[in-house]
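Next come two complexes built around chain A: one with chain B, the other with chain C.
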Partner chain A sequence: MGILPQLILNSIIAGAIYTMIALGFNLIYSTVKFFDLSYGVMMAIGGYGVYWLYKIIGLNLGLSVVLAILLAGLVGYLADYFVYRPLRRRKASTMVLLVASLGIFTALQAVIAILFSSQFQTLSAGEGKIYEVIGGAITGVQLVILASGLLIMLALAFFLNRTRFGRAIKAVGDDEEVARVVGINTDKIISFVFFLSAAIGGLAGVLVGFDTGIEPTMGLNLLLKGVIAAIVGGIGNIYGGVLGAFLLGTVENFGIWQISGEWKDAIAFALLIVFLIFRPQGLFKR
Partner chain B sequence: MPYLIHLAILVGIYGILGLSLNLVVGYTGLLSVTHAAFYGLGAYATAILLTSTGLNFFVALLLGVLITSVLALLIGLVLSRFHGDYYALGSFGFNIIIYSVFLNWQSLTRGPLGIPGIRRPEIFGLNLTDNFHFLLLVLAILLLVYFLCRFIVNSSFGRALRAIREDEQALQVFGYRTTFYKLIIFVLSAALAAVAGSLFASYITFVDPSSFVLFESIFILAIIILGGLANLRGSLLGALFLILLPELLRFVGFPSDIAAQMRQVVYGLILVILMLYRPQGLVGEYKL
Partner chain C sequence: MSNTGKAIVGLIILVLLVIGLAYLGKASQSSAPTTTETPTPVVETGPIKVGVITPLTGDAAALGEFVKNVTDLAVEEVNTNNVINGRTFELVYEDGKCNGTGGANAMQKLVNADGVKIVIASDCSGAVLAGLPIAEQAKVFVFSGTATSPDLTNKSLFFARTVASDNGQGRVLAEAAIAHGWKKVAVLQESSDYALGIYRAFEANYPATAGTITKEEYPGTTTDFRSTLTKLRAANADALFIDPQSPGTAERILKQLADLKWSVPLLANDIVSGNADLITNHKTRLEGALVAEQGTASLPKSQKLDADYLKKYGKEMIYRNYAQAQYDLVYILAEGINKNGTDAGKIATWVRTVKDWPGASGLVTIGADGDRVGGHVLKVIKNGKAELAS
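So, the complex of A and B:
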């Protein structure tokens, strides 16, 4: 088993996770135009939701996953309802929204740590099956990650381009005032966007939890990777975000192969900063 | 009483951090979330110089400030290309990169083990191992920093900074090289953060990377937003408030692990509530 196939596989798996996170983030950003950092805590809520329902309460796996994703979505909805919507009414600047989202993120992350301790936990029950693809090893969970990433990308693209509701979301993103004038209930649309994005983030958190594990601080790192992917790909552009995610996954994995594992985050941010300097609009312009 | 002195020293150090960050965020309107990195650079530079050489504390402090300023200049050059959200995100990135350096450049920083045994400063043969004497030093430097900041913001340079915050393009039309202004204030702010870092390192006599994580930058940001942007006294007020508030939680009787998390919950809620009801903070003169 050579190192190269495994590196490629790892890059793709990381890319699929970042894809999901970048998609949710892009959806929020392109609709309400601010960096919603509270989105990061949704991954931890998803992961801990499953931990609580499946490992502590003892529900069956499928139901726990679904409920955990819905829980993350609900928290996203509530954050919008209680914080962002009043701020939007007041025409608060994007900086105010950013700082508020930072506050929500910080507070909820600490609440999770209080409820479940800040220890690293694992979700998976024992050794899973390991498959061999193109000469590298891949676990069952990682196959699910790949499938989910692909599925969410396709579903979201279909939803945004082909359904009335999806087009309404795009309209709100283009110009909220005009969208309201033509009779779109913009508050309802934006609420839904927050729900949907948070649910996607929750799913990503659940999958990361089964793949590696959960800790209350997992969200920030994942969020930042998703944001980097979104910016590298061209913010607000679905396919750009996907490409950015895979580029990030590849650069990270080959980077840690060449340098060393501890520098993974620094490598990711170096990629971001190189892009911001030389190509701030990202790979694809919106 | 020793406990109160300890808190007063912390308030002093965070006061310096708040004042210096306010120059960038409050007066110039650049949302920088990388202040803990410069704070850490100052702390590590001092720690390494004091433990590996026989240098005087104040020489080590100045060298730390110098090193931090050079790095801040480079980082500021990159950041000067960004605006708004992107600026915030880019500065996030630098905080994480510098934290990674603290954590991973093991031959220099000893990584997660940290650097113990940092000496306390000595002035005219008087060793400041006594916390009360150290507090006097911190207060003296805090006062110096306060008046320096006040001098800056009241000068014509300070007015130009506020003008950049309100309308950068208009100022460019008048022939001001705004990038230059933004760079100078960024480097100056970083240098003052390094001073705070030096004090912190020699006070605690130990540094490790965990003191300079991204959350620390957020905490300093919370101090100045709570106290009020573009108001120097506000920064001191914010530091006082946010250092003392969690100490009250300790008296409520939470176990220490939970108390640490409760602090974060409180800081987070403060940010949210301020944004909702009072975005200018307690005595601020500028809204984000």
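So, the complex of A and C:
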């Protein structure tokens, strides 16, 4: 097995994970215009949801995954309903909203640690199928991650561009005041956006959990990578986020070919800095 | 600022001033030398406050969990059976987080806020190394049942441990690699003092004449090892030495090795071999893997510890070698207090005279350098269990 095919596959797998995270993050950011850090904990909620329902309670796997995704979505909705909406009504600045989201992130992460301990847990039961593709190895779970990332991208693109509700979301993102004036129920739209993006984050958490395991602190690192992908791709642009995610995955995985693997995160942030300096708008404009 | 806001801020400042003045007054009173009075010996009574630093959160929390369980179990026995002549242990737990910052913060809090004179620092070596200077300055005795880095040997007269240095672990694994004729060894090491200590000992005992080492390091937060493993694989190594600090990263490395279909002879440190769940989960991948562990005793005392642990916590004890050393630590500390009172300096000196002390981990002897005397043995993983290598 050659190093090149495997590095290409590793880049694609990493890119697919970052894609899902970037898509959810982009959706929130382009609608409410603040860095929602609590989005990171939704991944842990998804992962631990499946752990609880499937491994502890013993529910069917498919049902556990669906319920865990809905649970993450519900938590996202409740975070908006009880925290962000009252703050928005008080015309709170984006800095206040960011700090509030950090509070939600930290509190929920602590709750997960209290409920399930801080120990690393695996979701997969036994060794799954491994496929040989272009001379490298890829697991069944990783193929599902790849397919899910691309499907969510297509579904979101269709939903936002071709449906009335999706266009209403874009209208709120463009100007919330004007959207309200023309009769759009902005609170309802924003709540739905929080639900949907948290559910996407939850799905990402479930899939990452099956691939590399779960722990309460899993969200922050994934969130940062998703944010980098979104900024590199052009924040608010669906296709840009996907391209940014695959670019980040590729740069990270090929970067450590020549330098030590411990610099992987440094490579990701170096890419971010390069883009912020030379192309702050990202690969694509919104 | 509104008038109410100003009033609240004013009130807070006033309260802080009053507290500060009261504290200063007390401090000057206590520091004033009393030359006329002859000091009377103080008879200590009441519980003895002992700090415990162990990782309670993060990837290494699995280590902290068994440390806490075993410590609580031993302290409960000591307190119930009146081992310290009418006094009891009162434990104050702090999260060392398995890193330098966490270890230093935990030690600061225990020494300065809780005022303890004895700290059981059974955390990762990095956390203990960072906290030790703070304890030494405050003349606090630090006793560890888990920190094994060679860097801790002779580090301070106020430090001792019931576990041996990892010099032995690295040496035994290097000797095994040479004996197997492995000319190229790939090493995947976590960036931590514990893992680095083992690697250094391995490197020192695997000379260039024996073969070459290709090493990759990773931070403890790493979840994706695929490309690092791919890179190590491309080096065409005869064996892979996995040198993690936290069980979570060990689990991920083993899973991703299987995902990449890389079959290579494995060497591993005792983070892998001491975790029964991990060995069971990766039974196939670990079959035949070579590990070096401190000897695990199977004496009546250690069997009783196994049974009591299972009864109290409803699960098997993991990392038995460390757990036994931690259990013995509590009893040795109790004996030290019986003989020396709570004087940290005296306990630190006395503990270095402990010789052939019969514990759950076998006969404990602590050398003048503060390390437990004893070595590591080579084991091989067979059918999901680490057995002595023939």
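Convention: the second predicted complex is superposed on the first by the 286 of 286 C-alpha atoms of A that agree within 3 Å, B and C clash if a C-alpha of one lies under 4 Å from a C-alpha of the other, contacts with A are read in each partner's own complex, and residues count from 1 in each chain.
We take it that contacts are C-beta pairs under 8 Å (C-beta built on N, C-alpha and C of every residue); 3 or more make two chains touch, one makes a residue touch a chain.
Just so we're clear, the structure is a prediction, and the values are computed from it rather than from any experiment.
Model built by superposing both complexes on chain A: chain B and chain C clash.
Touch criterion met: A:Val83 reaches chain B, while chain C stays clear of it. Contacts of A:Ala113 after superposition: both chain B and chain C are touched. In the overlay built on the shared chain, the residue A:Ile130 is in contact with chain C alone; chain B does not reach it. Look at A:Ala14: by the touch rule set out above, it reaches chain C but stays clear of chain B. Of the two partner chains, both chain B and chain C are touched by A:Glu262. Shared-chain residue A:Leu27: touches no atom of chain B or chain C. By the touch criterion defined above, A:Ile273 reaches chain B but does not reach chain C.
Judged by the touch definition given at the top, the superposed model places A:Ile3 against chain C, while chain B stays out of reach.
Once chain A of one complex is fitted onto chain A of the other, the partner contacts of A:Ala179 are absent, as it touches neither chain B nor chain C.
After superposing the two complexes on chain A, the stretch of chain B that clashes with chain C is 109-117, out of 91-99, 109-117 or 145-153. On chain A, the patch touched by chain B and the patch touched by chain C overlap at residues 113, 117-118, 260, 262, 265. Across the complex, chain B meets chain A through its residues 31, 78, 81-82, 84-86, 88-90, 92-94, 96-97, 100-101, 103-104, 214-215, 218, 221, 225, 257-258, 261-265, 267-273, 275-276, 279, 287-288.
On chain A, the positions that touch chain C within their shared complex are 1-3, 6-7, 10, 13-14, 113, 117-120, 122, 124, 127, 130, 137, 139, 142, 208, 212-213, 215, 217-218, 221, 252-253, 256-257, 260-262, 264-265. Across the complex, chain C meets chain A through its residues 56-59, 61-62, 65, 191, 216-219, 221-228, 230-231, 233-234, 246-248, 251-252, 255-256, 258-261, 281, 284. By the touch rule above, chain A contacts chain B in their complex via residues 34-35, 83, 86-87, 92-100, 102-111, 113-114, 117-118, 220, 224, 227, 231, 260, 262-263, 265-266, 269-270, 272-273, 276-277, 280.
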